Structures are given as C-alpha cells and as structure tokens.
Amino acid sequence: MHEASHISEPLAAAPRHRASWFELARQHRVLLSSAFLLAFPLVMPFTALAVNILIYGLYALGFNLLFGYLGLLSFGHAALFGTGAYLCGIAIVHFGMPWYAAIVVGVLGGVAMAAAIGVLAIRTRGIYFAMVTMALSQCVYYLFYQAIDWTGGENGLRGINVREISIFGLKFDFIDPLTRYYVVAAFVILALIFLSRILASPFGAVIEAVRENEARARASGYNVTATRLIAFILSGAFCGLAGALQALHLSIVPIEIMHYETSGLAVMMSLLGGMGTFFGPFVGAAVFLLLENLVSLWTVHWQLFVGAVFMVCVLFFPKGIWGTLLQRVQK
Amino acid sequence: MAGLTLDLIGLQLFTGLALGAVYVLLAIGLSLIFGMLTVVNFAHGAFYMLGAYVGVYLLALGGNFWLCLVAVPIIVGTIGLVVERFLIRPLYGRGIDYPLLLTFGLSYVIVELVRIAFGKAGYPFDTPELLQGAVDIGIGYFPLYRLFVIAAAGVVLLGLWLFLERTSFGLIIRAGARDPQIVRVLGVDVARVWLVVFGIGTGIAALAGLLAAPLQGVIPEMGGPILVEAFVVTVVGGMGSLLGAVLAGLLVGVVVSLSSLFVPEMAKVSIFALMAIVLLIRPQGFFGRAGLMS
Amino acid sequence: MTSSGKKPTDISRRSLLGTAGAGALLAVSPFSINILRAQEQTIKIGFPVPLTGPYGTEAQDQVRAAEVAIAEFNEAGGLNGRKAELLVRDDKLNPGEAATRALELIEKDKVNFIVGSLSAAVQLAVNNVTKERGVIFNSISQSDAINEIADFSKFTFHEALNPHMTAGAVGRYAFPKFGKKVAFLTADYAYGHEMVRGFREAGKAVGIEELADIRHPIGATDFSTLLPRIQALKPDILCICNFGRDQQIALKQATDFGLKRNIKLITPILLYTGRLAAGAQAFNGVIGGTSYYWGIEDQFASAKAFNDRFRKMHDGKVPSDYGALGYGGVKTLLMAAKEAGSVESEMVIAAMEALKYDYYKGPQYFRKCDHQSVQSVFIIESKTQNQRNEADVFDVVATEQPNEANLRSCESLGHKA
Amino acid sequence: MIGQTATSDVILRTERVSKQFGKFTALKDITAEFRRGAITSIIGPNGAGKSTYFNLLSGAFPPTSGQVEFEGRDVTGLPQHKFAHMGVAKSFQITNVFPQLSTHENIRVALQALSSRYNIWTPRTSYKDLVVQADELLHRVGLWSRRGRLAGTLAHGEQRALEIGMALASHPRLLLLDEPTAGMSPEETRVMMDLIVQLAQERTVILVEHKMKLVMGISDRLLVLHHGELLAEGTPADIRRNETVKRVYLGQREH
C-alpha cells in the first residue's frame, strides 16, 4: 500500500487539470442556467410555452431532488404540485391576497402536503413507496375534487386574475407574456440558487450518502428516515412553488393537475432530461413539451412519439439527454 | 337511504365479486410477473385494452366470442413474449426502476398504436347472445354475463393453479418466485422461464380485457384507470403473492361495490384509502414477504 | 382589390418575421405588432377542441363543421374582402392545456375570436383567459356555470345549450308521458348536478315524486353496483344524468340488468357519436335531448342547407350534434362581424347581441344578460327498427321551441338585468 | 485508559439475548461482558451466529429477547444511527463504502454525521475543520495518496482501510469490526492487523473473525459461539486448552 502511494500521486491530480473548464462551468452552473433562461423565450415558438417549460422544469427539478439525488421514486408528486397551485389560487380568489403572499402560501402548501404524505409513506421502500405515494396522492385528488366550494371541483378553480404586479414600487403588466415569463423566471432562478445551495451543503452530502449506501450512512450516524423525510419536504417546496407559478400563469387551476398522469409527467421529464443532473429537468421539460407541441401540429398521435422517445431513453440513454451530453463532454 | 334491504346488500356483494373477478385476473398477471421478474409492469393496462381490441378485430373477421376466449390470450400473450425478449430483457440488472419506466413508456405507445389502427371513438361490444339478460339468483335478478365472468375467472385460476402445482414448468416457476438463485443453481434457463411468465401474465390481462369488453365497451383509454386499481389490489395482497392477488382482488371489488352503495361520494377514494391503511399497518401487504423491496 | 394587390407579399413576409421572432419583436416594441395587425389581415378564429382523448371523434366533427362556416363566409366575399381563417388547436380535454393554447392563440397568433371547447372545465378555463384579455369567446360546450355572473363577462357567449335547458325540455316531455315516480342516476360533478337541477325544475310543474338521487363517480366503469338499488326502487322513469362514456356504460349495463323492462330511461343529452360507438342495443328506446340532429332537415330549410354543404365537403357524412355547434359558433361570430363591419370586440359584441339568426336549426338569439343562445331543444328517441341508413339512429319525437322562460332567470344567475 | 468511569470497566454487556428469524433461532440466551480497553474477538465456525451477534451489538437490529447495555445504559432497540452518536462505530463484513464519492468525501461525510448534518444552506466546504480532520484520518489509515479517487475504484484492501477510517471518524470509544481481513492478501492482512493493534491502544475493539489463528495473537479475550450458543469464553490460552472448542474446530477444517 505504501509503495502504491507514490505512483498514484500524479494520477489524482491529472483529471482535475484536464476538465478545468468543465469544473468552472459546474461551479457557476446557477449563473449559466440563469443566463440561458433569460434568453430562452427568444427561441421558443410562443411565450406561454416557454413559461410552461420553466414551470414544469421546476416541478421536475423538485421531483429530481428526490428521485435523481436520493433515489426515491415517487408516483405522487402531482399532489405536491397541485396543492401549491390550489393554495396559491385560493389565497387570491377567496382571500384576496396579493400575488407574492399567495406564492408563499402555495410553497407552504407544498411543504405541508409533502410533510403529511411523507410521514405516512416514508417508512415504505422501493416499489411500495411509489405505490403508496400514488395512492395517497389519489386520496388528495378526491379531497380537492370534493371541496367544490374552495376548488371548483371538476370545473377547476377560476378567477386567479392578476393584472398588475408591483415590485419595489415599480408596476408591471402581468398580462404581458414576456413580463409573465421574466417574473416566473426570477422565481425559478431563486429556486436554482436554493437547490445549488442544498446540493453543496452538508445535507446534500447526506443525500448522496443515503443514495449511495443506506446501511453505511446509518452506521455512520445518519438517520436515514429523517433524511428522506426532509428531502421529500424540500421537494414539496419546489413543487409547491412550481404549482403556485402555474396558477398565476394560467389564471386557473384544473383538477387534472392532481391526476396521477401529472405525477407521471415529472417522472418522464426527469428521465428524459437526466436524473440527478442539475439542469436536466429543464431539458426534459423542454424536450417533452416541445415534442408534444411540434408533433401535435402535424399529427394527433403525438403520444406515440413521446412514448417512443421515452423508451429509447430508458433503453439506450439511462442518463437522459442532458446527462448523456454531460458525460460526453466530461470525456 | 331508500330501499336498502338485506337482499340488496347481498346483491351488491355479488356485484362486488364480479367486479373483483376482473381485478383478480389483472392482478394475478401483475403479481406473477413481479414475483418472478421483479418487473412492475406499467403496460399491463395496455395489454388489457389490447385484449379487448383483438376481440373486436376477431369478431369483425367473423369469429365468435367463445373462439376469442382462446385466441385473444394467445395472440396478446405472444406480443407479450416479444416485448419481454426485446425490450425488457436488456434492462435486467439495472435496478427495479428501469423496467417500470420502460413499460410506462410502452403503454403510451401501445395505446396510440391502437388509436391509429382502430380510431379514437371505441367500439360497442355486445354481450354474447347466450349470456344476455338477467337471472334470478334467489335474492334478486343478476345479469347472466356477470355470473359468467365470475365463473371464467374461477376457471382461469383453477387452470393456473393446476399448471403451477402439477407441471414441472410450474414447479420451476414456484421455486423461482421464492428464490431465483435456486433455479439458476438447478441449471434451468431462467431467461426462458421469465419469458414464459411474462407471456402468461399478459395473456391473462388480455383475457380480462376481453371479459370486461361486454360490460363497458371498448376504448383505447380503458386500460388506464383499471391499471391503477389493479396496482392497488397487488399491493394490498402483497406484491408477488398469487393468493394475495386473489383475495385482495375480491376484497377490493366488494369494498368498491359496498362503498358506492353506502357512501357513493367516497367510492373512488375508498380503495386508495384501503391501500394506504393496509400498507401503514402491514407494509408488505397481506401475503407479501417483508423486506422483498429493500 | 388592385390597390391591395401587392400588399399580401409584404404582409406575409412581415408575419413570417413576426412568427420567427415573435418574442424578440415583442420585447423591443410591443406597438409594432399592433401596427402590423392592420385591417387587411385575415380574420383569425382560434378553435381549441380536444382532438386527442376520449372525445376526439366529436372534436374532429367540430372542426369539420367549423370549416364549413369558414368556407361559406369566404365564398360570400368575407368581411369586405377580408377572409377568415380557422386556427385549430388540440386542448387535449385538459383545462391547463386549453388555457395554454388560448394564450398561444391570443399572444402569438393574435386571433380575433376564439370558438371551441367541449368539456365544461375546458370552456371555463378558456373563458377565464379570454375575458381577461378582452377577446370574444363563443363557447360550444354545455354547462350552466358559464352563464353565471362569476364566470360571465361581456366577451363571453354561449352558442351551445346548457343542461338546465336540455334536462328541462326532456323532463317536460317525459314526466307527463311515462309517470311521476322518478329516480336519478347522477355523475357526481357539477355537470351532473346541473342536469338534476334542470329535471327537478321541470318536474315541479308536473309534480313528480323523487325516489332517490343515486350518485356515481365521474369516469365510472361499473354501474352494476348501483343498478340493483334502482331496480328495487321501482321508478317509472330513471333519469341518467351523465355524459359521454359514462352514459354509454350506464345504458349498456342498465340494459344487461333488464332495467328497461319496466323503467323508461331518459337523459338530458343523447350524443349521436355516443350512440354510434356504443351500439343500438344499449341505447334502444332511450329518450334524450339534443341541440342538433341531422334528421331535423325535414323541419328546417337551414338545417337542410347546412347538412348538404357538410355532406359535400366531407364525403357524404352528416354532421353530429357537437359538429353543428362548431358550425354555429363560428358562423354567428363571422356574421356578427360582417354586420358590424369590423372585428373590433365592442362592435362585434353589440352585433352579436342584436343578432336574430337561423343558420342551421331554426330561429335563435343571444339573451342580453348572459349571452346564452336561446334556441329550440329537440327530443329524440334512439331506435333499432326502421333505420333508413347508418346515420338514421334517432327519431325526433318532439321539439321545444325557443323560450326564455325555459332558461334560468337572469336574477338567479346573479345578473342585474 | 481514556474515559474510564467509576461505574465499571465493562463497556458493553448482553443479558440473555436471543434472536429468532421466523422459526429459526440464530442466537440463544447469550450473556457476556466486554471489557473496556481490551481487544475481544468473537470466533466460531460458519453458521455459529457470529454475524447475528455482531449485528445485535452494533444495533443493526434488536434482539428478539434480552438486553444490550452500553456503558451501563440499556440500548436495546435504539435505532442504528444513535449507536454512532453514543460512540459505537462498526465496519461491515462485506466492503461497504460510498462508491461514487471520493475517498476524502467518504471520510468527511462520516465526520459530518456528528455535527452539521441537517444544514441545507452553508456550503459543506466551509466546514474547514472537517476537511482537515478527514485529511488526518486519511493519513492515519494510509490512504492520503488516494484522496481524490472515487472510493469504488480503490483496491479491495484500500476499501477496507477506508472503512476503518470512516468508523474512526465518529471518535468511537468502541470499535466493532466484522471480519476486517476477509478476502485480503497475506500482505494486506498483516497491514490490517497492525492497524487494529494500533487502534486498540486508544479504544475498545471487538472483532468478529472466522480465522481463529489470526486473532489468537492479538486478542485479550475470546468468545466462542457455536450453533447460536456461547460455547466458551476466556483468554487465548484458556481457549487453546478448551477441549470442547478443539472438538468443534477440528470437526471442520480451519482455513
């Protein structure tokens, strides 16, 4: 062992040198992502789609924190997304709250729902976790479905009409599509900063450790159950924010937002983009929604393409589009 | 609650059993596939739907319902074989999530292909003439076809049981479900066993779809909601347990039917609540093995 | 025309530019876009309908019929030479998707009007987007909520019938005829409840005895759990208050349970496409309402003209009920624009409110307070005998003439009028 | 000796612990004491229940009946992660590191478990003391040169050493090692045994070992398990003389 150490000294230093620009990009990923998001609407077919990509990207990002970074597959994230959207909408429609307060309510809603589902589901594992989260989110679906006075039931919640928003005394026309885009983008960038901090923090290290080796993490003194629960709740904060932004963007909250197919969307987008990659969820959301948008222009059978692309990813690019790209660049 | 009588509740129980019979057939295939291959088949609902459509197609070609009962599982089962061989097999050893995700994508593809081939509107599926109408079962009138569905499910279960208990191939499957390692040690070609199991599972799902067709008609989306319910059944019964699938299937059928009698607004949520409760008390389901999922 | 002869190339180049970099242009100067939206451009009508999903067939028929309205308008010279154009979008039966599509149509495509939607929730979502942006929306989906003050705006029009009208008409026809003991089988959501409300309102006048209102969850695949209970109640009439696929399965299973032997089944809306999909056996003898059935061409010249035009454009097919609504929705807006001589919202609204029209199903007009189209309701009965051809599936057994008294009153909807 | 209390020089004891797996009894009524500062080895032939006993001692799962006491405190049924916080560290029988993390990060993560684990905002690199301590531990277990390598790419012996480094990160008063030399070359084994002796100067060590010869030289005391029961207990010399033990080990060849 002592002899080996002399040989490997330069080896250890070498990769650091080779991928220096890659490392640099990695260190400033929030900055790069933000710059990209600011220019993004210019290349999109229409702004409302760009806003949707941001929002679904954020939703998938929240999911990815759990699945990509911690390795927990949830099929119930629609409940977190939907609760954020409904609570934000209800705050505006029924309580006349200002838009920023409503966003806070939405985020807190996502957090609270994640805590409730998490406490019940976190003890189960693997496939069972996926099933229990799905079942619990279906229960939440019917809960919101039945609360017609608050949610509008089947008809959805309407009237989340924010015409004008003021930020530090400046007034902006929220009906204007680009304004709407940049307001949403600002929140998404805040979320990216937050995620970046989480991943770099000691808790980020715990998440990696639990994903890598649960037994070892436990023996090292980590409470694995608590770690999962905290990650689930953090995930709920991101998804709740995404939901709140969705409510403001579309000015309605449809009950479909709680449907298990919405949970499936997060899975598909994360996997398409690249699980466990920082920017992958946005790539996944963009690819999914663009594919849906473009393909549905010339055929109503767009689901065939989406499904096929997804299968190809699972079979040949398990790291997803962004993950595979990163891997290529790294080499 | 006007008109609630014991007869009515009895009739409702019977209805629940008929409903449960379809759940059982779906769940048993899911469970078989999961128990052997540890694959959670998200395309199971799509195979169920495919069974109904193949039935529609065969009837249009001039076949009759009884012929379909035999041909449909064979045709769809064969498709299942192809899917296992070329799409799922490359994913073994990559963790439990990947086959799940693949079949999730596959379900989209199958549904859309059916829409292209058969259109979006769906087809009527008349109850076979011999089985039309209702019969008096002592407590009230009950549709003959529903009795037939219960009986057909029973026959399939009996056949499956005989196959598993009395044939050497069944013995291998049972051993493999307990411990795949043992089968490998015995020098059996595990890949072939898995292939066949997937084929049988999808074949039974297709049969369930065919049996359900006269009850609900046939549309491309018919596999979606029932897949979720079949998952509930498998999880409540214990993933991988055949006995669990049967008992939980009947239980879920009865719960749905009784809750829609007493608390209709809770009918849809009742089975999910049931599942959540079962899993919180007994995380591995009725007959599941603890720690299987770790 | 000669003076504008060279303009189209100019415009098409600009609109191409506009499409390619809509975002960029908009960022630099939002006004330039408005200037581009000059009078010479085509009249754009956004048409979000659920092309994918379980109502794809109905949606496709809506598009076909809307194309007929566009073709007629353009052939007649358009609005002083301005042609109309239909921008079809797939709302996927999802309100969120529909709202996004409505935003796309308004913000990117700069449509003048939006017509469309099939489900109630989608219609309300589109309406919420259009009314905020001052774009006229003529809904061709059936719901009561759109008439109510909370969702209504002056930009909101409703060409379709609503459940209150259809259920009411069917009830007024059926209760005196088949008996007073009535049970309901109701889909447990707003649309289902609205249907029941309509039946009850009609039943008050006749004095019906309500035995039970049995609810089922929307999207149910199994009604067998409820049917024995209904059977035990021994009603004269069972009102099936649900829609589309739910209705097909409910009728199918009710037939299997032998309910039809001594109970008359009625429903507010009998869908032409639904009847074709589920088959004659399940629907046989069921009575329901509809806003349109091609068979009324014996009654109305306008229906005959519309059917013939539709047959000519679409290989001899006849329009379905929802299809006809697509025609009516587009036609009314275009004719109002023509009347107003402009596509300017305020002027078109005034013209719509003043419109007395008979385009495809007899006389119609928009009520002032809620912009609901007052129109006749056809009572039809599904048949298995004496079919002249494949499309001949219903008999029109009665027609309820347009009458504001059959609508919910403006006051009860919250309007001041 | 460090941290010796007046209460007792017994650091860990088990009182009639048993473990059932379904109908199978893996351990039966074992009462034993482990002295502070000593190296105690648990030996026995295959299937004797060594690993089960080890898992009970380290808190991986609770006994079916009986009691486990650490420093006079009843710790039966406490969750695994609490053991690390009390000062009990363990290594696994099968190599058990975080393969996708760097060697340094493996140890840093283990160190972090005692302080800042649920902080989600401050960058982990700003905890300079942990970085420095991790480097010290890397030196200690001879892996300094592998600092930046992914743990999964290390040689088998190196991974075992890394595991010990991670176990030391919690400053354990009691170190539990499950067959630390399994699968090692003779040279690697020698280095590992030296390391264990060195570690034992500052803390109590309990070893589970299949190869009896290996531990005879370094152990202060030995426990011999057979068929889930405690067969014998004593100094290496006692055990060497014990006829029952001889019979059990002669019954099957020692590797």
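By letter and in written order, the chains are A, B, C and D; residue numbering begins at 1 in each of them.
As a working rule, a contact is a pair of C-beta atoms (placed from the backbone, for glycine too) under 8 Å apart; a residue touches a chain by one contact, two chains touch by 3 or more.
No experiment lies behind these values; they were computed from the predicted model shown.
Chain centres were defined as the mean of their Cα atoms; on that basis the chain farthest from subunit C turns out to be D. For this pair, subunit A with subunit B, the centres built from the Cα atoms lie 33 Å apart. Taking the mean of the C-alpha atoms as each chain's centre, subunit B and subunit C sit 38 Å apart.
For the pair subunit A and subunit D, the distance between mean C-alpha positions equals 41 Å. Annotation for subunit A: residues 303 touch two or more other chains. Multi-chain contact residues, meaning those touching two or more other chains, occur in subunit C at positions 52, 56. Residue positions of subunit B with contacts to 2 or more other chains are 115, 265, 268. Contact annotation for chain pairs lists A-B, A-C, A-D, B-C, with touch applied as defined. Within the complex formed with subunit B, the residues of subunit A that make contact are 73, 120, 123-128, 130-132, 134-136, 138-139, 142-143, 146, 260, 264, 267-268, 271, 301, 303-304, 306-308, 310-311, 314-315, 318. Remark: subunit C residues 52-54, 56-57, 188, 211-212, 214-217, 219, 221-222, 224-226, 228-229, 231-233, 245, 248-249, 252-253, 256-258, 273, 276-279, 281-282 touch subunit B in the complex. For subunit C in complex with subunit A, the residues that touch the partner chain are 21-24, 26-27, 30, 51-52, 56, 90, 94-96, 99-100, 103-104, 107-108, 120-121, 124-125, 127-129, 132-133, 143, 145, 150-151, 189-191, 218. Of all residues in subunit A, only 1-2, 4-6, 8-9, 11-13, 15-16, 197-198, 200-206, 208-209, 212-213, 215-224, 226, 230, 234 touch subunit D in the complex they form. By the touch criterion stated above, subunit B contacts subunit A in their complex at residues 34, 40, 87, 90-91, 94, 96-98, 100-102, 104-109, 111-113, 115-116, 228, 231-232, 235, 239, 265-266, 268-269, 272-273, 275-276, 279-280, 283-284, 293-294.
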